[in-house]
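Each chain gets a letter, A, B, C and D, in the order it is written, and its residues are counted from 1.
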Amino acid sequence: MSNTAPGRHFLQIPGPTNVPDRVLRAIDMPTIDHRGPTFKALGERVLSGIRAIFQTEQPVVIYPASGTGAWEAALVNTLSPGDLVLMYESGHFASLWKKLAEKLGLKTEFIAGDWRRAADPDAIAERLQADGEKRIKAVCVVHNETSTGCVAPIGAVRAAIDRVGHPALLMVDTISSLGSIDYRHDEWGVDVTVGGSQKGLMLPPGLSFNAISQKALAASEGATLPRSYWDWQEMLGPNAKGFFPYTPSTNLLYGLDVAIEMLLGQGLDRVFARHARHGEATRRAVGAWGLEVLCLDPGQYSGSLTAVVMPEGHDADRFRQVVLDHYDMSLGAGLGRLSGTVFRIGHLGDFNDLMLMGTLAGVEMGLARAGVPHRPEGVRAAMDFLSER
Amino acid sequence: MSNTAPGRHFLQIPGPTNVPDRVLRAIDMPTIDHRGPTFKALGERVLSGIRAIFQTEQPVVIYPASGTGAWEAALVNTLSPGDLVLMYESGHFASLWKKLAEKLGLKTEFIAGDWRRAADPDAIAERLQADGEKRIKAVCVVHNETSTGCVAPIGAVRAAIDRVGHPALLMVDTISSLGSIDYRHDEWGVDVTVGGSQKGLMLPPGLSFNAISQKALAASEGATLPRSYWDWQEMLGPNAKGFFPYTPSTNLLYGLDVAIEMLLGQGLDRVFARHARHGEATRRAVGAWGLEVLCLDPGQYSGSLTAVVMPEGHDADRFRQVVLDHYDMSLGAGLGRLSGTVFRIGHLGDFNDLMLMGTLAGVEMGLARAGVPHRPEGVRAAMDFLSER
Amino acid sequence: MSNTAPGRHFLQIPGPTNVPDRVLRAIDMPTIDHRGPTFKALGERVLSGIRAIFQTEQPVVIYPASGTGAWEAALVNTLSPGDLVLMYESGHFASLWKKLAEKLGLKTEFIAGDWRRAADPDAIAERLQADGEKRIKAVCVVHNETSTGCVAPIGAVRAAIDRVGHPALLMVDTISSLGSIDYRHDEWGVDVTVGGSQKGLMLPPGLSFNAISQKALAASEGATLPRSYWDWQEMLGPNAKGFFPYTPSTNLLYGLDVAIEMLLGQGLDRVFARHARHGEATRRAVGAWGLEVLCLDPGQYSGSLTAVVMPEGHDADRFRQVVLDHYDMSLGAGLGRLSGTVFRIGHLGDFNDLMLMGTLAGVEMGLARAGVPHRPEGVRAAMDFLSER
Amino acid sequence: MSNTAPGRHFLQIPGPTNVPDRVLRAIDMPTIDHRGPTFKALGERVLSGIRAIFQTEQPVVIYPASGTGAWEAALVNTLSPGDLVLMYESGHFASLWKKLAEKLGLKTEFIAGDWRRAADPDAIAERLQADGEKRIKAVCVVHNETSTGCVAPIGAVRAAIDRVGHPALLMVDTISSLGSIDYRHDEWGVDVTVGGSQKGLMLPPGLSFNAISQKALAASEGATLPRSYWDWQEMLGPNAKGFFPYTPSTNLLYGLDVAIEMLLGQGLDRVFARHARHGEATRRAVGAWGLEVLCLDPGQYSGSLTAVVMPEGHDADRFRQVVLDHYDMSLGAGLGRLSGTVFRIGHLGDFNDLMLMGTLAGVEMGLARAGVPHRPEGVRAAMDFLSER
């Protein structure tokens, strides 16, 4: 892991993101007794603080696990074998979540999407409307599709479900939006929100989250999918006193403590505005290069990442390799059906204007080196934007 | 987590253990792209090195999860709903694993134990002998019972199973023995070995392991318990190239890389001998204090920890609090039915003679302060032993 | 520097001392612009905070240099070539300071001492009394002689000087007492106090200090020893705004900032009491071993370190080597004329009861291994003391 | 020191430079006994390795001090009060060194310069030629003038001195060139080379160096300026065994060990080429902005930094403040007579193409925000260069 190249690596995949020095130093402190009073204070602090990040006053459980585990947790706590789940095909991660649900013994139904738009509330409402028998037990939506850079209007999804009076639970994946794009678990009436540590939260990977509504909690009582590690009930008891039912990832919790302090210290509004600003600067660069942003709906543009369509006949992965070899920057690959045709620029987490400019310069120089047709005006366009706002 | 007390806290619970400075500094390095070439080299190194720790040439999967997750993984990968599992009641952790199996929909049967001895191969053989219909699909044994400090003779358990010709899988929990007490996955014919990062491996909590025999792998093909996060098959494909199916706990893997290098650099034999030596020194102290070691069979004494029985009428938790308040040392509590009557001294991980002497002095001074009857000769006895060997 | 031995090295020389994890993590933060606003705030904080440690309201300058440099600074700022300095032969460091003064072109006079007692105020008074022509320009005394573990009564030295009405400056070396043993620059009327970072201040070596009285400052105006790097006047101007005349040791200043916060947070009185307690425990151990403490005057016993006289016919350095090889502990050597006949136990800095007990156990076991005659009762005696107070 | 702004601060002053994570983690390791065997190995390694950086086989002494201390050391070890030193007015640091020499009691003579060119060998030869009585004892030249970004031809200075057959010592300041710009202590026949840790060596400030020729060593025997802390003779004895005469800056030496390994691992030639490349890219940006590089002689352009002349009527410090406030980047101020009229871009140390592009984008956006007339084509010009080479 010790890159021998000079200078800092530019980690511009859409997560894991660049971890702040303060967070790294925090996770570097000696491990403590997870049953002792010092831990209790830490536990209470992070369990409380993380709620502010989800904009909720309801419980948030913290798993020593990747985000994938929190996907699984959301489902096994609330559903029973054979339950039908309505999902929306917003992109690769929606597809993975669907696949995971099926492996767990759930039935799934996909509202087809083109991977260039986020989940559509009207389509969801229409499908629920048709579900006279209320066979659909949950609606699963990805807030910010990490594979496409499209952001779903979660409040509108909630309103759509309510409009048709359907009792399904609403579950939302915020892995790449939490701490980067405005997200309101309570106000938007989400039942289970899934989050992870390694994106907007600015931590290394290894922690993930479920924010849980009262309705979801009630559903968990009758849900019969087998569960133990992920079981909310096991968590909530000890959590009330700052503890965990099994050994937590102590050192990552140190980091979470600092990351929460940093995010709330900056102010979530300012954090969201910064991400939006960097998203806009990036899109101006993409446009000036003459390239196409994957996301087709400007109302759905992401502040976390921008997926860029490669010109016909040019392989995105080869381009990414050129950038890595020559400019020591990691860009995100096109995933699933987008493999080779799209690359992704992560601009989330602990990030600022000059890091973004280094990033965009790396893309622009990489396009030149890789012989990808483009106008060399993207960096200029981004600077014009950033020096005015 | 920043203790304001002067000097180093003595973390003498039986795990998490004291993390070496080199490991802490490793996990403090910037997170890298888990899909890139630098990660690939890391992944290949740790996936190979961890096998040497388990003394196996078969695959070991690494989960971004606590040890509890690896317990669950062992079961869901190999068993189907309603399968019968034979477990041995060696102590609190055996009981927890049993409870977990039941939550997953398995049937369990416990061979009763007194929590002062490890699993008994003969009792296991006897029970398997009686299982004419081969209803028992797995035998689950804890190698080093962290709640009692008794070590089970795993090789003898294997021999016992073979003797009666029973096809059940053998699953072993080595969470508090791995990297501390000799353990041989291959030689002992274990099918699934469960391990964790935060004990003998000298890491913070957050990683756990399954070492997997060919027989276990074959069993996983027909096993129908739902699984996704824990699914071996999903892991083994990407692992072959140094990668993981979902975002791994990158920074803990940095630490694992260093910890493996340290353990193999010292030599596993020397590591085991050091732990055995510290166990013996501790037991000499306990005997000299006039107190009783919980483990009744000298052949089962643990090199990882020593559980000590409190004299009648004295509460172990009050004693531990005195030690914490006056000497800034965390000792392990009695767990489950041992609560209040036993305390545990962890002497595993990154540890040496003088740390042990500080530990034992803290216990001895704590006994005096707490008014627990004892002879003040334990530290002396331990020093006599340590200054001769 | 990466010790391959398991566990923590016991660094029980009388400095450098064990650096707290929080301080190490602080010096590990990225270097910043030493001319910018973030630095200014840091500079102001440490320049103010360090005064509290010296118990002074007068200026303290901070050098990017070892303590030896601060010795030099005290002399070159206040004296002129050929000036006579009265020094007291309390031990090795007093002798080194004298040698340094001579190399700088000063005349020195030594009041002979036996290296088993600190500076004697009466002897100083007597010599000053005899100095009718006031040729003596400065009196230099070591507060805590790191080579012997004897503490000089600085208030009494001040009183002695005043009693005879001599105008000489009083300069005091507190390198191994600052932050460990009560020291009052203002109340005791010291003109220049010399300090270093790597002892009671709990930092790595690399910073040193001069606390400066108004009288010393006035003297500096006429002093003609050449100076530039050490020149107070160059320092005091920029210091007033939180800055330094040349590049300061930025990262060590981060550590100083944290160390000051820790010391003042614990309270200096409690810090001093802890050191005194550990000194007493150590001396009880020495007595119980049947060995002799070097310092002959109980009123001068040091809370920072204890020098122990080896029994006749046993080499202290061979003993220290045995302790290092077998118990991974560094003890202090006998210095100068005490070489081979004395070893020193450092018990200062970031230290606590159990670290002390590990230390004393290491000494006791080392005595046994090295075949040094002793009663194996020292650890017991120290525990008796520590479990009562 | 904990910047609350998001992302990494851009520290683009010409030193201290961005410290690599590996170096920071190294200085974060526990302090060890500076008299023990582990230190001895470290000491031998760094004292040997640092010679390779100076391209010398002669001794290099390492001071726990800033570079200013190493200036002083060079003079006090070789000269006597009243000796005449010939210096060349290349800029602010040459002037400071001259002032320091005078404070030490030396006579100095300045060959006037315009602060836009480096030292001129012919002018030096001419002055030495005129010194029939050989009153000039040393010639002091700054290799890379940190205030101007002009590099002196040291080999040509040596040749000039030899041509006129003058016996003066040649002393060279390489504080901002060492490890960045090719420098050959032995091949160029330099008598004392002065270096510091916080620039091309990629360390925090706090260490400085004297590389010493045999001729300088011989001169030190007769030199009568008072010295103790800086005394080479005191250093060289213990250095031969890996030790130091007084407590060294142990933790910075850990960092030096890693930094040397990194520089030699990359290869000095590649390190120098990288700096030259970044210098050229920066100058192309400056030219494209329509601004002027301070250094007038293209043969003297620096790979470490570029000083840029502000357009008439615009204050450089106000501009720097705009850049700091809006883009979280520290640029170097104009120093001495250049104050307010020049700003400096540091591009040395642990640095790469994308960090440079972030830097140049910050300057270009800052020029726009500050209303400084320029053509917004500098970043473009730099990218054109960097994407072709």
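FYI, a contact is a pair of C-beta atoms (placed from the backbone, for glycine too) under 8 Å apart; a residue touches a chain by one contact, two chains touch by 3 or more.
Because the structure is a prediction, the values reported are computed rather than measured.
> Please work out which of A-B and B-D is bridged by more C-beta pairs in contact, and write that pair.
More C-beta contacts join the chains of A-B.
> Just give me the whole-number Å value for how far the CA centre of subunit B lies from that of subunit D.
Taking the mean C-alpha position of each chain, the two centres sit 54 Å apart.
> Please tell me the distance, in whole Å, between the geometric centres of subunit B and subunit C computed from their C-alpha atoms.
For subunit B versus subunit C, the centre distance works out to 45 Å.
> Using mean CA coordinates as chain centres, what's the gap between subunit A and subunit B in Å?
That gives a centre separation of 34 Å.
> Please output the residue numbers of subunit D that touch at least 2 other chains, ranges allowed.
2, 8, 18, 22, 25, 28-30
> Quick check of your reading of the touch definition: is the inter-chain graph here a line, ring, star, complete or other?
It is complete, because no pair of chains fails to touch.
> In the complex of these two chains, what residues of subunit B are touching subunit C?
On the subunit B side, the touching residues are 2, 4-8, 10, 18, 22, 28, 262, 265-266, 271, 274, 326-329, 350-355, 357-359, 361-362, 364-366, 368-369, 376, 379-380, 383-384, 386-387.
> Under the stated contact criterion, what part of subunit B meets subunit A in this complex?
Touching subunit A from subunit B are residues 1-3, 8-9, 11, 13, 15-19, 24-39, 42, 63-69, 72, 81, 100, 103-105, 196, 198, 204-206, 225-229, 231, 245-252, 254, 257, 324, 330, 333.
> Mind listing the subunit C positions that touch subunit A in their complex?
21-22, 25, 28-30
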